[in-house]
Every structure is written in structure tokens, then in C-alpha cells.
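Consider the two complexes below, in which chain A is the common component and chain B and chain C are the respective partners.
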Partner chain A sequence: MDSKIISGELKRCSTWQFALWISAAGAVLLWGVYAMLLCWFKGLNQTNMNDSYGFALWIWADLAIIALGGGAFFTGFLRYIIGKDELKNIVNYAVIIGFICYSSALIILGIDVGQPIRGWFIFWHANVHSMLTEVAFCLTCYLFVLIIEYIPIILENRRIDNIPFFHNLGHNMHSIMAVFAATGVFLSFFHQGSLGGVSGVLFGRPFAYREGVLIWPWTFFLFTWSAAACGPCFTILITKITEKITGKRLVKDNVIELLAKISGWMIGTYIIAKIIDTVYWIKVTLPATGFGLMDFYSNNPFYGIWILVLEIVICGILPALILISEKGRKNRYGLIIAAILAVLGVCINRWVLVLQVMAAPVLTFETWQMYFPSWQEIATTILPLAYGIIIISFSYRYLPVFPQEKELNPWTINGGK
Partner chain B sequence: MFPFCFEWIWDMSHIVFMGGLWFALIIIGLGMTYCIGRTFYDTYIFKGKDGHN
Partner chain C sequence: MKEEKSDKSAKKFGMVIDLDKCTGCGSCMVACMAENNVPFKEDESKKLVSITWMRVYRLTNGKSFPDTEICYLPKPCQHCGGKGEHGHSPCVSVCPATATDYNKETGIVSQIYTRCFGCRYCMAACPYHARYFNWWDPVWPKGMEEYLSPNVSVRMRGVVEKCSFCFHRYQLAKDKAYYEGRSDIGENEYQTACAQACPAGAITFGDLNDSGHAVYELKKNKNAFRLLERLQTNPKIYYLSSRQWIRRAGDNYLKNEK
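Up next is the complex of A and B:
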């Protein structure tokens, strides 16, 4: 039915199969939208947030998906600024994943602020002493950049590309994409960093507080670094999942391996910096505030020292070693396990610096505050997953996202053998 | 926020924060203006689907 607008000569599943797939994802999306409407119309009493948890599941989800979306800016940086030409075969997909992550983050923020129609206040009545203001600025501008990077991919649809204006527009946008990519790197550096800075400057909460340079705590740099390191792993992971679902190879191994190798070195250097930061925090920062390490990893039902070991050793050192080693990243299972661990590691890092910070007692009369999100919070956090599946499905079906697909799957071309 | 708003103060925080925002928006705006302008030229004056060639 829609064969005339399907990308190129490539074969795609039948319309009814596609409709069924989209309906399943759409049902989950509607569940999330229902929860979102409840939060908007009935208020934030629909959540389990309270005086202890002003930041909760949504802020963790925001930080995590922004970090995972870091694959877009870092792949763009490597492709357009450093000149790693091989990455042109995966940069389209990285952009789409980045677009999904950043637009999802803004949707979640739109729910979290309670009154999204006042969202423009942050631009007009900006509090220039808040790192979150800078995050809002950069996040919004970077979403514009991602939309601009996504438009040429949409314009490459076979029907749209036949219209001269759109064909030329796509070409002209490609020709100055390096400018947009550089702007994206500038914006990403600051908002990824400021998201880390938000917890690092909390001198009243010794679990989060870090020293730093000038106005920037070390968490500022660690957040940017970890996003650049683990974002490409998320791109690799989603690419592999897409290959599994479609039953096709979509990107050549040398492209994936290059991205994995760079990601491995980035994770390796990041985790060394993270270990130094943690040791300094344990030996210098914490004692100065009257706390010891185990004050933050005991006397509560959930947060034990295991979470620190899991974040740094299992989801930090291990994926770095796998990806740095040629044998490790060339092994199919090794690559996927390393990508999953790296993604998990950055999510745990964000969880710890949002939710464990809120849970840990600070004053002598306080106790650990545990929190479990309401179903509305869970549904609205799952919403981006369904939204992402729908965007990826439409993009894969109708747009030439993977330049190497035809070469890697000659038997699936319409009319071919 | 613009310098003519009542909340504006001529200090480093406002200049750096808001300057950074305008800087990014201007680059994005100029970039897109160039693309659209050039596309109009290529399509309607140069008159070709591959006007860029």
C-alpha cells in the first residue's frame, strides 16, 4: 500500500505487519499519555514525590536519556569535526536516536514542571545563577540542532527527494552540517556538564558535593565525559537491536568496531577520572564534612556498597576493557555485553547522583528516605520508549537511514533475488 | 530575556548566560537562513533539481 514511499528499493515488511507493530507501541504510548494528562490536569499529587524528593524518577530519566543521547553529538563530532569518514554510515541513526532522547527529555520535563504553558518563563525570566537555566537553554537549542540534522534524512525519502526544492534543501543542509554539528558539540558540552554540576554544587549534601575548578565541580566534567563515552555504546546497542528485529545487517562491522574502540577508550579514561574523583571524595571531601564512606552505604534497605562496585567495576572497568581489546570488541557477544554494561553504568551513575543524594540523611535527626514511584511516574517514563520505537520504525521504513543496507543485503532488494 | 527587560542587569552572569543563548540561536538561525536562501536560488533562479552541481 505504501510501497511508493518506502525508502529506495529496499524491502520492508507488509503494511499490516507494520500497522500491528505500531499499534502495540502505540498502546504503550497512549498509556503514558493518559498518565501525562492525569499529571497535567490533577497535578503533581499523582506522583510519589514529596518534600524529600523534589527530584525523582523523571529527573533520573531525563539525565539518563540525555547521557544516552550523547551518542549523537559525539558521533557528529567525530564525523564532521575530527573527520572519521567511516562514521557517515551510522551518523544518521545516531542523530535519530539523539533526537528521540532529547525530545523525550523535554516531554518529561514538560510533565515535571507541572505547568508546561509556563515553560517559556525560564527563557524570559532566567535565573542566571542556576545551572539548570543553562541546561534548559542548551537542551532546547540542541534539540533545534538535532531537528536540523534530522530534516535532511527526512528529505531523502524517495518521494520527497523528487521535489527539486526539497532535494536542494537537503543538499544545502548537508553542505553546512559541520557548523550545526560544532554548535551541537558546544551546546552538549555545557548542558551535559551542567547536569552534573547541579549535584556537584550541593555543598549541603556531602554525598553529592564535589570540589572543582572555578565555578565547575568535577561532576561537571565527569558528566560530559561519561555521556561522550557511553552515548556511542547506546547507539551501537540500538543498532544491534534493530538488526536483530529486522533480520538484516545494517552497518558494517568496521564502522561499529571503530565507534566501539573510541567509546572503549573514552570509558577507560572516564572511569580512571571517576575512580580518582571517588578516592579524593572518600579521603578528603567527606572527612571534611564529618562523614565517612559507609554513612552513605549502610543502614538502609537498598543502597549498599554494591551499587558503587556495580557502577565503577562491573559497568565501568569491565566494558572499557572489553571495548579497548580488539578481540573483545570483535566478538559479537563481547561487544553487546560491553555496550549493555556501559549503558547500565551511566544510568546507575545518574540514579545515584539524583536519587541516592535525595535518600541519604544529612542532619543528625534525619533518617534514610526511600521512594518508589507511582504508576503515573512509571508510565510517563516508559512513554519515551514507545515514542522512540515508533519514530525509529517510521524512519527505518520510509527513510534511507543506513547507507550500507543495500550493499549488505542484496537479496532483499525489491525485484532482486 | 533582553537588555530592555526590567529584570536585566549589566553583570557578567547575564552577559555570559544570555550571550551564550543568543550566540547559539544566531548561529542556528543564520545557518538555516543560508540553507533556505541558497535553496531558493538553486531551485527558482538557477532552476535545477541539482542546482548545486
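Up next is the complex of A and C:
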């Protein structure tokens, strides 16, 4: 039915199969939209947040998906600025994943604020001292950059490309993409960093607070670093999942391995910096506030020292070692396990710097507070997943996302999934 | 106790709360709610979602009978001045929309309800849990609207609120002084509702910079302390207690620290 708009000679699944797939994702999306509408119309009393948990699941989701979307800016940086030409075969997908992550983050932020209609106040009454202001400006600007980077991919659709204007527009946009990639890197450095700054500047919260350089706490640099390190792992992971679902190889191994190798070194150097930061925090920053390390990892039902070990050792050092070693990243399972651990590690890092900060008492006569999200919070957090599946499905079906697909799957032309 | 620096020409309103006098009766909480149109719900048992600008905590020394000791600690917003009294309060510095502000003339941390868009970053930043979010729209029992104070705006769902040191009273006192041709106001012309309502006289309010105000001397008492001073939030609420364990409960100490 839609074969005329499916890109090139590549065959895709039948329309009814595709419709069924989209319907399943759409049902989850609608569930999330319903929860979103409840939050908008009835207010944030629909959540399990409270005055101890002003920040909760949604802020974690924002921080985590923006870190995971970091694959877009870092792959763009490697491809267009450093000149790693092989990465042209995965940069399209990295951009699409980044676009999904960033637009999802903005949707979640739109639900998370108590007065969404006043959301523009952050730009109009901007407090230049607030890290959240920096986040809002850079994040919005970068979403526009991602849209600009996404447009040429859309223009490559078979039918659109037949129109000379769009063909030329796409061609010209491709030729200046390095400018947008550089802009994206610049903006990403600041918003990934300022997201780290969001918790790092909280000098009233010793668990989060970090010293730093000028106005930037160390978490500013660690967040940018970890996003650049783990974002590509998420791109690799989603690529592998897409390959599994479609039953095709979409990107050559050397491309994946190059990205994995760079990611491994980034994770390795990041985790060294993270260890130094943690040791300094334990030895210098914390004692000055009257707290000891175990004050934050005991006397509560969930947050034990295991979470620090899990983040740094299991989900930091281990994936770095696997990806740095040639044998490790060339091993199919090694690569996937390392990518999963790296993604998990960055998610845990964002979790503790949001949720554990809220949970730990600072006043001596207060106690730990635990929290479990309401179904409305869970549904709206799953919403981006369904939204992402839909965007990826449409992009894969109608756009030439993977330049190597035809070469890797010659037998599927005019007959595959 | 660390000495804070301050601009002597500016006022610095603050409180000294004598914990030896506080009986934990809760009059300050009630007076505060009535004065400031603080909303309440039918079920106020869930304290993490109820709004109490002034909240009285019950502290114990952790010892069993007969050595058990109790202390009641009223806790409003601490109106932190931040490091060096520059107004770099934990909350003011982080608000992305400048909806909370540090007034350098009075030292009061204000909340602009009509500008707050409910991101709750200030709540995450405040170590005192002095900020409250309106999870619901306020609903007043029938007829109670008539009792609301016309001097304080009622807050809507989705914004943060907190103790303002009854700032509207300061404005009214200033207006009265201006009308009478005076440039300044007296100590008794501006008092918070909680300070006036305390039957034990435990709460003293005034200008911490003015040697003519009672708080000026009280804060110098050897038993005076502030909550979480080590974090350098520089709060304007001082507490007095003759009992050492209570003073120690004001801050965190390392296990081997005396």
C-alpha cells in the first residue's frame, strides 16, 4: 500500500504488520497521554511526589534520557569535527535517537512543572544564576539543532527526494552539517554540564554538593563526560535491538567497534575522574559538613553502599575494560553486556544524584524518606519509550537511515522484512 | 558560632526562639495558618503533602526512661543569607524564573506566587524542608472565605509557598510610618503572627542588625545556635537552649567529633 514511499529498493514488512506494530506502541503511548492529561488537568496530586520529593522519577528520567541521547552530539562530533568518516554509517541513527531523547525530555518537563502554562517564564524571567535556566536554554536550542539535523534525513525519503527543491535543500543541508554538529557539541557541553550542575550546586544538600571551578561544580564536567561516554553505548544498544527486531544487519561491525572503542576509552577516563571526585567528596567535602560517607548509605531500607559499587565498579570499570579490549568489543556478548552496563551505570548515576539526594535527611531530627512512583508517573515515563518506538519505526520504514543496509542485506531487496 | 558579616545600614529581620520556653502547644502554627491564608485539607495527617509554614518538631535525646528528655522546635523558613550575606540562599540562587528573591533591605526571602511555575528546584535545594508545594487547589470550608486575610494572596495549585516573615505586616507598618511622616518603623510595629501568638513568649522577632531590638542581644547568648550552620546557609533563625544535646541536634557532627 505504501510501497511507493518506502525508501529505495529496500523491502519492508507489509502494511498490516506495520499497522499492528504501531498500534501496540500506540496503545502504550495513549496510556501515557491519558496519565499526562490527568496530571495536567487534576494537578501533580496524581503523583506520589511530596514535599520531601520535589524532584522524583520524572527529573531522573529527564537526566537519564538526555545522557543517553548524548550519543547524538558525540557521534556528530566524531564524524564531522574529528573526521571519523566510518561513523557516517551510524550518525543518522544517533541523530534520530538523540531527537527522540531530547523531545521526550521536554515533554516530561512539561508534565513535571506545577504550572505548565507558565513554562515560558523560565525564558522571560530567567535567573542567570540558576543551572536550570542554562538547561532550559541549551536544551531547547539543541532540540532545534537536532531537528535541523533530522530534516535532511527526512528529505531523503524516496518521494520527497524526487522533488527538485527538496533534493537540493537536503543536499545543501548535508554540506553544512558540520556547522550544526559543532553547534550541537557546544550546546550539549553546556546543557549536559548544567544538568550535572543542577545537583552539584546544592550546597544545602551535602550528598549532592560538589566543589568545582568558578561557577561550575565538578558534576558539571562529569555529566558531560559521562553522557559523551555512555550515549554512544545507547546508540549501539538501540542499533543492535533494531537489528534483532528487523532480522537484518544494518551497520558494519567495524563501525560499531570503532564507536565502542572510543566509548570504552571515554568511560574509562570518566570513571577515573568519577573515582577521584568521590574520594575527594568523602575525604574533604563531606567531613566539612559534619557527615560521614556511611551516613548516606545506612539506616534506610534501600540505599546501601552496594549502589556506589554497582555504579562505579560493575557499571563503570567493567564496561570500560570490556570495550577497551579488542577481544571484548569484538565479542558479540561482550559488546552487548558492556553497552547495557554502561547505560545502566549512567542511569544509576542520575538516579542517585536526584532520588538519593531527596531521600537522605540533612536535619538531624528528620529521617530517610522513601518513595515509589504512582502509575501516572510510570505511564508518563514509559510514554517516551512508545513515542521513540513509533518515531524509529516510521524512520526505518520510510527513510534511508542506514547507508550500509543494502550492501549488508542484498538478498532482502524486494523480498525481506 | 561563626560571626556573619553584614551591611549595617540594611535591616536583617530574624528570630530568636527560646526552646527552653517552647511548650509545643502549636499556637504559632495556627496563628501562621490563619494570618497567611495557608490552605488545609480535610485529612491533614499526611505531613509530607500538607502545608505548614511554621512547623513544630518534637525532638528527643534518644534515652529511655527516666532519662528521656523532650524538646519542641518550631521551624519556619530560615531566610538564609548565604555565604557572606550576599543573598546567595540555597533556594534563591537556583530558582530559574526569579520567583524567589532575597530582599537586601530586609534580609527576607520572598516567594512570588504569580511567577512561580512549580519546578520545585527550590524545594530540592532547601535543607530545612521549609518550602511547600500546593499539590491541590485550596478549598475552604463553606463560609470560611469570609475569614481570609485580604492582605495575603491565596495561592493556587502548582506553586511553591513558604514563610514570608509576615511580610505584608512589614508593608503595612511602612505605609503607616510613611503616612505619619516617619522614615522608619519601631520594633513593635512589625511583629510576625507566630511571635505574637506564642503564649510562652518563646519567639522574639526583630532586626538582628539593630542594637535597640531584643533579638540583637539574644542572638549573642552563649546558648544560641542556628540549624545546619556548617552548610554555610547563614540562616536568620536563632535558637536558644540551655541543654547541650539540643544544641548539638542543630547540626551534624562526625562520629569522633566532640
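One rule holds in what follows: the second predicted complex is superposed on the first by the 413 of 417 C-alpha atoms of A that agree within 3 Å, B and C clash if a C-alpha of one lies under 4 Å from a C-alpha of the other, contacts with A are read in each partner's own complex, and residues count from 1 in each chain.
Keep this in mind: a contact is a pair of C-beta atoms (placed from the backbone, for glycine too) under 8 Å apart; a residue touches a chain by one contact, two chains touch by 3 or more.
Not measured: the values here are computed from a predicted model.
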Touched partner set for A:I6, first chain B, second chain C, both or neither: neither
Contacts of A:F165 with chain B and chain C, given as first, second, both or neither: first
Touching partner for A:A228 - first (chain B), second (chain C), both, neither: neither
Residue contacts on chain A - larger count, chain B or chain C: C
Partner chain(s) touched by A:D112 [first = chain B, second = chain C, both, neither]: second
Partner chain in contact with A:A126 - chain B first, chain C second, else both or neither: both
Which superposed partner A:F186 touches (first chain B, second chain C, both, neither): first
Chain B versus chain C as contact partner of A:I148, first or second or both or neither: first
Partner chain(s) touched by A:M358 [first = chain B, second = chain C, both, neither]: second
Overlapping contact positions on chain A, where the chain C interface meets the chain B interface: 124-126, 129, 133
In the complex, chain A residues that touch chain B: 123-126, 128-129, 133-134, 137-138, 141, 144-145, 148, 164-165, 167-169, 171-173, 175-176, 179-180, 183, 186-187, 190
Chain C residues within the chain A interface of the complex: 46, 48-49, 57, 59, 73, 90, 93-99, 115-129, 131-137, 156-160, 227-228, 230-233, 249-255, 257
Of all residues in chain B, those that touch chain A in their complex: 1, 5, 7, 13-14, 16-18, 20-21, 24-25, 27-28, 31-32, 34-36, 38-39, 42-43, 48-52
List of chain A residues in touch with chain C within their complex: 43-45, 49-52, 54-55, 112-116, 118-119, 121-122, 124-127, 129-133, 136, 198, 201-206, 287-292, 295, 357-358, 362-366, 369
